[in-house]
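In this document, chain identifiers A, B, C and D correspond to the written order of the chains, with residue numbering beginning at 1 in each.
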């Protein structure tokens, strides 16, 4: 049995991790931390029966020796110091924050507005997008878990980008359930404001999540500078992301060629669900699972061979977009069955 | 045209009032106040196009002369001083807080845990439960607008109590939409916590809202001491209250007698919707309206003549349970058509 | 008082019409029809207290003489014969179906797949998009009420198209509440399937609703052939449409010029709500109202002068997208205050 | 590995079973049947990637030899013939219908209105309420899986009944998510009708589900005739049941005695979550789990020792109320770890 420490367990991703670890046959909870609720128990802050005492992050760091892996569910910038502390002890670290996702510290500064305070650690991190970086993740000690929006976009467009078929401009119209905002109490996330509503926010080419799209899709096949026009919307559901992506492919690329490309790229992937022609990926396809569902549709059914296609990708933002992918990364990194605890 | 001041317009009841006044042919907005947002406009705090400047309550009190009526949408205890100020100017006051609902200051202290600081004003207030107190409301200057839960219970049980048929113990299982908690940011009212959930809270015989049930139903026919066992639940809808009430009637009282009693008691009432046998009142019957729907069902269809009945009453907590009834009270008090602005 | 007949009153648009007519000071219900529920009353098929008897469409046609206006809430192709019957009697007809929206019968056949069986009537119809066709609607006898999706797109893009600034290709990513599908019982519209879900459907350049976008936006300033790539999604809310539209404007056109254009175009419009810079139109801005809210955002806040913009338009599909606009059309056609019954 | 056949896999309970079997380390799917969709695959009727061919029930019966256990997810009366066929082959049968829940065929006729056509099989069936009948379930071949409502009531009241402390009359106010009605297309279960709504139905003392309450709670300690006044409500959530139960205990029974009784009765139960004083069971405590959560609250906090208490019990109707309990029954019957596949 491997033992896990979870730093930041009062939020939704921490909760999902603890819950998924109950199911995992080779992983168990050693300790859980909470900044605001240290001293209480897990069952006092979540509607669940597990009585784990919530300890401080400081105490968690002192107890690094008890664990094989630490999952960090902390806000961005808050991960940097704990990561440094834990990596010094040699435990596996899966960081769910944004702090180590971007390999280039200049990109971090550009998108997050603050300088990166641990650029020396960046080269040691692997970007944990399992389906694409599997080889590097195997055996890695330090893993940056991808963001939820970029995971949907990167998995949805990776085959096109790898084949060199992705258009220069990509419009990504995304919709996310409210848990994507974390477990917080801002008015816009209150029930009465969000329910029976739909709200765009931070639309355009400057949303931080674009950084991870560029990092993955611009480099997968030579160097490109795709321009992502990204419009997220707050959706009145608890969980789930659906990204509707508008792309054009080069002349001569047919719908069948695209379908074959996706089928080949994702052959044998346990968590990629490619929809057949005529079906659309919906939130329902992936809610409460570690799957990413992808559908491919020609914009013009009378001219199915393009050039315009609508790619839809969905995932559960708390699972494949966060804690499930974190477990998948852990499984890969220690070399056990990638799907353990995730079915 | 009558002119209205609205004190506390950033909450949901204030919003509903402003919206209903747009529709009211003889009432218009003069000023609106906000404690936290003075200096902004109404359209900056609500998703609506009206540009009313938000002024301080202090300024509102200074501008009492500009209005015919003031609607106070303030938390309990916060209404007392403004009420004193406004009543001194002679304007009509409809107070939506709990501060002047209980005629007996000892009851206020018992249920709210603080002494009433303006007991001298209490005798001047009329309890604005329109269908029951219509005669006293006509011409009244000071009106205490009833609470949302008690309005559903009092309208649902009033005919039985008046006839002396109400059992000593009444179980009231109520369910309320989240807007009943006001426009606030506590974690339990956030979307992810409240959605796909149902939570009982403050159940039993000590909930404050019982005070208004006792005040109305214990006195309508001699003096009684009905015991109300009241269990509210937080329901994942924006608006609406549904109270399921379990009563026993005296031997000899048949279902038809009860139906006749309700029909007679509420004959001609514009906002009471009595459901026929076999139908149940649902939130849908009253959402976005000033109506209260009531259904009567024998607990035993094989023995329809009792003694156990299930009375269900529903209303929209923001309209009939708050702002709509406030307008109805205003209409009654100045002697114009009771339904103006409310259809 | 004008008198209205409503054909097809068991659906959601029929319900909204009956409800709005209660509020309208110069309009009242004369009769209501229902194909499947003739013989019942309105209150038996809707959670509302109005006891109007439901008569057959045949009987409604026989009673054309009792009414000043007929609102037809019938499925497409089912309106054609009743329209012919009613227009022969001289009453005003507001047809909420798709049958008379397209002026060109060839377009009808192309998009709906069946020949139009009353092409002689088409020239007598006015397309009832009030803000754009107001002059023609005034005094018109026969009005085709626009579709809900196209109303959001046409009102959202009309100023750009009129100015000649609309790009050749427009991507429209729309999301609609479930009532847009009508009051029906297909599995995909059942609660468990649609709740906590989001589903794209019929995406691309061949959706029927594109016909009305082309009819309006291609002709408003010379002849154009804009290509609309339209992707509707089924949204887990009862009502509301939000269209996120991706456009490029010609070089030299700045954000301020666009804002000025919209402000000027829609100056004095009672039902257009232009959001200020930095705010996004959301469903909340228009739910349960006859308004259309529009927001304009540069895709790149660092280069606010384009060329890419995201226009968001929202409306309540049952009100501004159907029954509210139908009342607005009626008000315009008979020359009474356009906003009666609609505030 | 044990092999399972699932009869009736297009509904929600069938879907949950297939999904839970993916996670079960000693159980796998052999075949799945569907009355209306035979010939299609599982992934064509559910938003999930599993390609199991859907076969007819007839074919399933012919392939009884391939399986160790059959789960029957069929409507009531439809289970009787397949049960006879399967039991003849010696496979384990877990019947999720109501057909074999009532030991007494007269009770079946009384509550279901039709005579039981296989009374000879009734004595061979064990009522699969795991926490209460564990000993009998171990080794059983034929198991009747309990109903969802009664499971919440029986688990919530069992300790009181066993101790002889349950009052003669019990009021049960239950609320259920829409999936409790099955995967069907009636208008009242459509999204627009059920969303933002709450509807009581079939209230009183004659609801079929009362039969299982009587069978369990009237016999657990001598013979009693508790009268259950049961009011179910349709709740706008996908899944979950919450039963609010109003009971009186005998004089001298204190709150602490009740808490001790429940703690003792359910000590070591893996799926019973007893809430501490001051907390209420909510849907959130059990959604997507096989748990039943129970809270105990005195009706009068000033007189905590009674006699009136409010017991709240919640569970996920599709899991603990159906498919999860079915797996738990299977695990118990073959003698493997009761929690396999259920965490």
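Rule of thumb we're sticking to: a residue touches a chain if its C-beta (ideal position, glycine included) is under 8 Å from a C-beta of that chain, and two chains touch if they have at least 3 such contacts.
Worth saying up front: this structure is predicted, and the values here are computed from it rather than measured.
Indicate the lowest number of steps between subunit A and subunit C, counting one step per move to a touching chain.
1
Hey, which pair has more contacts between C-betas, B-C or C-D?
Per the contact counts, C-D leads.
Could you work out which chain's C-alpha centre is the most distant one from the centre of subunit C?
D
How many Å are there between the centre of subunit C and the centre of subunit D, using C-alpha atoms for each centre?
Whole-Å distance between the two chain centres: 46.
Take the average of all CA coordinates in subunit B, do the same for subunit C, and state the distance between these two points in whole angstrom.
Here subunit B and subunit C have centroids separated by 36 Å.
Going by the touch rule set out above, which residues of subunit D reach two or more other chains?
In subunit D, the residues touching two or more other chains are 193, 195-196, 236-238, 282, 284.
Within their complex, state which residues of subunit C touch subunit B.
22-23, 25, 47-49, 196, 273, 282, 284-285, 288, 291, 343
Please output the residues of subunit B touching subunit A within their complex, sorted ascending.
12, 177-179, 183-187, 189-196, 236-238
Would you mind writing out the residues of subunit D in touch with subunit B in their complex?
Contact set of subunit D toward subunit B: 171, 173, 175, 193, 195-201, 203-206, 229, 231, 233, 235-240, 242, 244, 246, 280-284, 287, 295, 297-302, 308, 310, 312.
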